[in-house]
Structure formats: C-alpha cells, structure tokens
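The following pair of complexes shares a single chain, chain A, combined with chain B in the former and chain C in the latter.
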Partner chain A sequence: MKKSLTQNLIFVVAMVVSLFVIWLIASLLVNNTFLLPTPTMVLAELGTLLGKGSFYSSVFATLWRAVVAFAISLVVAFVLAVVINLFNVRKPVSVVVTLMRAMPTISIIFLCLVVFHSNTISIIVASLVAFPVIYEAFDSAINNGQQLNQMCDVFEVGKMARIRYVFLPLLSKPIYQQSRATLPLCIKIAVAGEALALPMEGIGRDMFIAKNAYDMAMLFAWTIVALVICYLLEASVWGIGKIISKVKGGNEQ
Partner chain B sequence: MKKIFALALVAVLACIAMVALVGCQKTEVESVTIYAPDGAPSLAIAKIVSDGKIGDTTATTVITTGEDVVAKAMSKQADIAVLPTNAAAKVYNVTGGEYLMFSVNVFGVLYVVGTEQLTDIAQLNGKTIQSIGLGNTPEYVFKRVLSHKGITVGQDGVDIVYQTDATAIIPQFLAGKANFAVLGEPAVTNLIQKASTKGITVHNLFDLQQLWSEAIGTDTVGYPQACIIVKKDLLADKPFVSALDKALSANSTFLTENASTLTALMTEHGSTLTVNYTADLLARCNVNYIRANTLKQDIETYLKEFGFVENSSKPANNLPDGAFYFE
Partner chain C sequence: MSVKFENIFVQFDTTPLYNDFSYNFEQGKVHVILGTSGCGKTTLLNVLAGIVPFKGKVISGKISYVFQEPRLSPISVWDNVGLVLASKTNKEQRKQIIQEYLTLAEIAPKAKQRATTLSGGEQQRVALARAFAYESDVLVMDEPFKSLDLGIKRRLYDTFDNFLSKSKRTVLFVTHSVEEALALGDCVYLMSGKPVTITKVADIETDRKHRDLYSQQMVALRKTLEESL
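Take a look at the complex of A and B:
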C-alpha cells in the first residue's frame, strides 16, 4: 500500500511538471504576458500572495462558504431522500429537484444579489447547485435497496430503526462519493458567486480585483490556489474514507 | 518684357505644381479597426463612428466590453483603442510600446448620489455607500477624495460596499436597500430616472471630478480617465494623423448637434445602453479632446494612484516613459 501511495505521488508530480513545461513553452510561443503569463510570473505572484495575511483570510472565507453550502446540501438531501422513501412522495419532490437542477446558476446569483447579503450569496448558490446532485445520488441508492424497504414493511420495522439499519448503510457509500465529487464543485460555485457578489473577503473577490486591474498573472495565481484547494479537499475526503474503512475493518472504498 | 512674362509664368506654374503635390499627399492607411468600451468612452469617437471614416481611411468601430477592448489591444488586433488610461499604460508596457497614447478624451464621469440631501462629502461619515469599480478608477478616485477630506474608510468612517457594476446597484436603490452610491454617467441619470418612477428621489450630490482636482491640487477639472491609443506604425503616417486630429477635434460639436440620435448610432455598432442623451448628460460625461503629450504631468499623477512606479518589480506596472505620449 505504501508503494502504491508513493507511485501515485510520483505520477502526480510528473503530471504537474509536464503541465508546467507545456505552459512555459506555450507562453514563450504566445509571447504576450497579458494573454498568457509565464509560469515564473505566476509563481512570483503566488509567492507574494502567500506572504500576505489577507490571502489566508480570503482562502478561509471561501472554504468556509463551500463547506457550509455542502453541509446544508448534504443534510437536506439526506432528510428529503429518507422522507420520500418513508412516505412515498417521490413525484412532487422530483419535479422541484429537476427545476433546481435546470435553473441557470447565473440567474440564481442575479436574483440573490438584490435580496441577500453579499457574504451569504455564495453559500445559497452553492447549496442550490450541489443539492440536486447529492439528492439524486441518495435517492438512487435508497431506491436500489427497495427490497429491504419492502421487507421492513412486511416485518413492520419502525421508522427510526429503518433509518438507522437500512437507509444509513445504503447511503454510506454515496455520502463518501458525493463528498469527493461535490465539495470541489461547491468551491467552484462559491468562487463564481464571490466574483459577482463581492463579499468582504473571498477568492472570487480577489480574482475580480485582479481582473479589474488587468493583472492576469495574479488571476492565474488565484486560479492555481482554487485548484489546489479543490485537490486537497478531495484528497482529505479520500484520506478520511480510508481511515474510517480501516477502523471499521471493512472493504476499501 | 518677354523675359519678365516668362519668369512670372514659371513662378505661377511652380506654385500650382506645389499646391497640387501637397493636395495629392494621401494617407497610405486604407482601413483601421477601432475598439471602444460601451458608455462615455465610446462617445469620444462618435463622429468617427458616424462617418465610418477618418479622412480617406475607412474606420470600422466595434463597441464592446472594457475587458474585450483591452484584450484586443494586448493581442495587437486593434489599430486604435479607446481605453481606461491605466489599461493603456499596461498595454504600452506589455506590448513593448506597440501603441502610443494619442489623446485623453474622458475626464471623469463619477458622481456620488444619494436619497438624502448632503452638502459636504464629510457628511458621508458613518454611512454605507455602494460603489462600482473595485480595483479600478472609482475605488482609487473616491478613496483619494475621502483621504483628502480626512475621512477614513471602514466601519468607523465610510463603509464602502462594492458591486460589480451599476446594474447591481440600481436595484438596491429601487428596493430601498441602498441610500448612497458612487456611480458613473450615464448610470447616474438612469438611476435618477428609474427611481423617480418608483417615487424615490435620488440626488446627484457630489462631482468627484471636481473633488479630485481639489485633492491633488490641479487646475484641470477631472482626471484622465479614458484615452485613445493608436498603433505606432499608423502614427508615422502624417496625413492619417492629421485626419485623426481633425475628426477628434470636431467630435464635441458632433455630440452637441446629434445628441438625440447618439443612442441609435452607438447601438448599431454594438452598444447595449439605452440612454436618452441630453446636453446636460453629455456635459456630465466630460468628453473632450486634449493631446496626451500636453497632459503628461496629470496622467502620471493619476497613474501613480494605481500603483504605477518607475522600475516596478512587475514590468506591466512601470510608469510609462516619455515615448508613450505621441508628440
């Protein structure tokens, strides 16, 4: 297992270096630091950012919004998936979820701009985008265990017992999978929301400032920061999953 | 007698030949593409837009977003561009002097508006004000003005809440959620008109151009907000330069005489603004034409507010040298 981890790490490093070289060659060919800043310019900006206290508060603000949005989506999706399977109210909920999934993100942001405070818009928008994705995965997982549900009906198993011994085990894998997939999505949506709502702090706000100052190298630097955060979040969830799996002594996920 | 007559005839013929030669000096520039951002800056070239020509040169104008204009200039696709002055300086630095600043054409369009009648900008202390232009002209100009008046920015002084543009601020006023804002024309007029239909009175409180001039201690009212940059190669063509100068000089008169048809004209070339231009509004847009080389001091003072310095660690932020200003 240790060898596999090392191999994975080497692969990732090799990919990053390759991308770096391709980027360097492309920037030399384009020869226009506005259209494509060189990697060294961007790394220099990154270095400048890392030395500022405001960098860490911006990153924390965005991370906080994304995690809160994800948590809200997760909890609401869980509750809704359980309720519709307990009380068989799938159809009306499905219509609402379909509408939410189809609604353009940008129109949600524009509508929220007038009503809500700029600090909360990203949370609301990221929740509205993440919720249908998580809900569909949960509903599908419980639906696949319909035979268990029917068995509970036959043996008149109580609702709380059903949730604890049937639904939760059915949802453990989707919770893990959706955490890995949707947390990075929440970061992306939160950043986009921040660039339009301009809260007091946030990666999106800093990207907007860089764009307005025509500072492409800084914009690239912030983009790398957002990418790294997404990767670290996904890796963290994977790591937590591994630990839980080891503790439970179950199969690798 | 015959000799005198012959000499006189030769002299007359020589004069006619000289006049003919001078008159026949044509530009070698056949066509140019001009990019301009929507709003007041594009008014700076309204006459050129209308004529479709600069002298004998065909001029195609594209009115688009500010970011697109900068991108076209940075990628050297634009022959002429109307740009924010700070963006023009970056274009000069990044393209290695491909473009030179020809003239300054917009001297500020920012105003403080509010639902309460205030007589001094110091009365904004303790209030929340919406503003456009985070990281750009509105932020730097407004903060400089506040600093000059000894007003702090933040929760203890003036709380500035930034929005992406006027379309995010106007609904706040209409919903009664905002009372003060820093906006540019024609958005100011747009807000006042829209608010009045909802029974809300919005006053144009302070002229930031005037206050900026007081803050930096200059006689010129306003700041060099937007300018025209032209490709260096085109500026080597004297007839073209002469024609450009003539067209821009006639622009102010054109604006005044054609105010009612300006919106339609600009819409044809890509503008998305629906503005009813009046003489009053045009005056507040501060559109003018002054050759850049006569305003070097003012331009440098303005650029320094944006962090442009000599020998900057970031080459794009270098204060442009004298060669930037076309003589």
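Take a look at the complex of A and C:
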C-alpha cells in the first residue's frame, strides 16, 4: 500500500516535471512570451500571486461556489433518485434530466446572467451541469439493485427501512465516485461561470482580467492554481474515502 | 395455510404460459416442483409472490421468498435479517429473532461482516435465515442451491431441515434437480409448459431425516421422474 502510494507520487512528479520541460522547450521554440510565456515567468507570477491577500479570497470564493454547487446537486440527485425508485416514476424525470444534460453550458450561463446575481451564477450553473451526471450515476446504482427492491416488496419492507438499509448502502460507492469526478468538474464550471458573470471575487474573474490585460503569464498562473485545486480536491475525497473505508472495515472501494 | 391457484392466466409473448391453471398445494408440506428450464416454474412462484402480472386468483397467507441469487444488501449479515423484521417487532424481540436464526443457519459468528463479501454458500445461509425469520405462512424457494457445489448443497439441505423443524410452513420449492427434489420434498410435481400443466405427482412418505436416497423405492422413483422430465 505504502509502496504503491510512493510509486504513484513519483509518477505524478515525473509527469509534472516532463510537462514543464516540454513547455519550456516549446516556449523557447515559439520565442513569443505573449503567445506562450516560459514556465519561469509563470512561476514568478505565481509567486507574486501567492503573496497577495486577494489571491486567497479569490481561491476561497471559487472553492466555496464549487463545493456549494456540488452539495446542492448531490442532495437533489440523491433525493430524486430515491423518490423515483420508491414510487416508480422514472420516465418523466428521465426526460428532464436528458434535456438538462444536452443543454449547452453557455446557454445556461447566458440565461442565468439575465436572472441571477453575479455572485450566485456560478453556483447555479455548476449545479445544473453536475446534477444530471450525479443523478444518472445514482439512478443507475439503485436501478441495478432492482432485485433488492423486489425482495423488499415481497417482505413488505417499509419505505424508511428501504432507504436506510438498501438505497443508502447501494449509493455509498457512487457518492464516493461522483465526489471524486464531479467536484473538479464543478471547479471548472464555476471558473467558466465567473469569467462570464464577473462576481466580486473568484478565479474566473481574475482570469478574465488577466486576459483583458494581455497578461498571459498571469492567465497561466491562474490556470495552474485551478489545476492544483482540482487535484487537491480529488485527493482529499480519495483520502476521506480511504479513512471511511478503514473505519467501516469495508473493502469494496 | 394451503396455497390455492385459481384460473391463473399469464402471458409474456404470443403464447400464454399459464392458461386457466388451477391447483391446490396442501398445507404444511414441502412441495417440490420439477421441470425443464423455461417451463414456467419460477413464474408460478412469482405469481404467488405478486411480482409478475397475472389474471386469476391466488389464495395464500404471507409469503417469504428465497430467490435463486441471495439478494442481500451491502450491509452486515445482522442487518440483512433485521431488515425484514424492521416494522413487525420491537427492538428486543427483533434482536432475539435475528440471533436465533443466524445461529440456526450457522452464520452467527459472521453477523457483523458485510453480507456481500461472504461466499456463495454463506450468502445463501443468510437468505435462508432471512426467509425463516420473517413470519410467513408460505415459503417460496426458487432453485436456491443451484450454483453451489455438492458438499455445500448437502449442508444447506440440513440447515433447511433444521429451520423447517423449528418453524413449520407450507413450502413451494422449484428445482430441476431430481436428487434435490427427492432429498427435500414431501410431494414432487412434474411440470410442463406451454401452457403449464402438472403431469405427474409423487408423494414421498418417508420422513426427510430418515430418508435413504439410495433405497430401492427412491431409486425407482428417481428413474421414473428422470425419464418423465
């Protein structure tokens, strides 16, 4: 276990270093810092960013929006997946979810721009994008457990007991998997939403300002920040999953 | 309580599987239904459990079901049995019943383990404990030992017998193994489709515990059943 963790870490570091080397070579070949700033320029910009208080409030604002959006989608998807499977009303909900999944993100952002405050647009947009993904994973997990539902019908198991002993255990694995996959997605969508809605604070807003000032090094620095946040979020969920799994003594994660 | 099917009609495709099927399965006996794959054995059990649409009338008491696959939730063995008792009994009673049936199923030491991590035979023990722990008049069993090897099967036959001695019920047991039918049944029925009819009924007088599957009488019965299948 420890060995595989170390190997994994070495692999990630090696990949990051390789990417930096490729980037360095490419920037030297292009020889135009406006088109492709060098890694050293970007790292210097990143260092400047880290020294500013506004950096942390921007990161926190984006993180907050992404986490709230994720929590909203998770709760709504959970409740809906449980309700439609308890009362067998899958079809009408499926139509709505398919529509939501197919709707272009940019349309959702533009529609929200008209109606909502700029500080909340990212939350709404990220929730609307993440919800169908999470819902379908939950619905499919419960649907795969239809045989259990049938067993509950035969043994006249009540709805609350069904939720506690059948649906929740069936959903524990998808909750973990979706948290790992969808939290970083929420960060991406939240940043995109912020770049268009321009809230008071946020990574997307700072990226938009950097782009308008043709400050490519700054834009790259913010991109690295967003990537690191996504990676850390995924790693945190993985760590929490491991701890829970250890406490419960399970081995199915 | 006996199980009475009256004028049952079931159709999945163009040909009816059950067409005006009526039969009365006597109370307190283990009725084993034999038949080839796809002849409609499982459908009869599902009609009784009310999980397939049908026309006609079924008269029976409360049902518990041991399915072909154990159908256990990914929770502890204890909770899997407790699940079917949740709304029926108080906490203390429930605890007592679960302990009693897990002990009878010889699975009590694994009560805290996640049920889905157990072996196939152990999972089927939990399913048996669950079905017997649930207070029912009729127990329905659909090839519950199908995918298990012979040694495990024979141990589960004993478990089944122990359960039945403790808690008498009318049992409808479906299988395509003649040996299983002779080992467990009080009455063995041969079924053929479509539409389903019962073509042969054989009563086994000897008590299950003292039954010799290799006695002359049993070997003869086995031969007759195998030839008719």
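In this text, the second predicted complex is superposed on the first by the 252 of 253 C-alpha atoms of A that agree within 3 Å, B and C clash if a C-alpha of one lies under 4 Å from a C-alpha of the other, contacts with A are read in each partner's own complex, and residues count from 1 in each chain.
Rule of thumb we're sticking to: contacts are C-beta pairs under 8 Å (C-beta built on N, C-alpha and C of every residue); 3 or more make two chains touch, one makes a residue touch a chain.
Computed from a predicted model, the values in this text were never measured in an experiment.
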Which of chain B and chain C A:Asp215 touches, first, second, both or neither: first
First (chain B), second (chain C), both or neither touched by A:Leu196: first
Contacts of A:Leu148 with chain B and chain C, given as first, second, both or neither: second
Which of chain B and chain C A:Phe70 touches, first, second, both or neither: neither
Partner chain in contact with A:Glu156 - chain B first, chain C second, else both or neither: second
Intersection of the chain A residues that touch chain B with those that touch chain C: none
Touching residues (chain side chain B, partner chain A) in the complex: 67, 70-71, 74-75, 86-87, 90, 94-95, 133-136, 161-164, 168, 171-172, 175, 177, 306, 314-316
Parts of chain C lying in touch with chain A, wherever the complex brings them together: 49-51, 63-65, 67, 69, 71, 73-75, 79-80, 82-84, 86-87, 114, 116-117, 130, 134
Of all residues in chain A, those that touch chain C in their complex: 145, 147-148, 150-158, 161, 165-166, 169-170, 172, 250-252
Sites on chain A touched by chain B in the complex: 32-35, 113-114, 118, 195-196, 198, 205, 208-215, 217
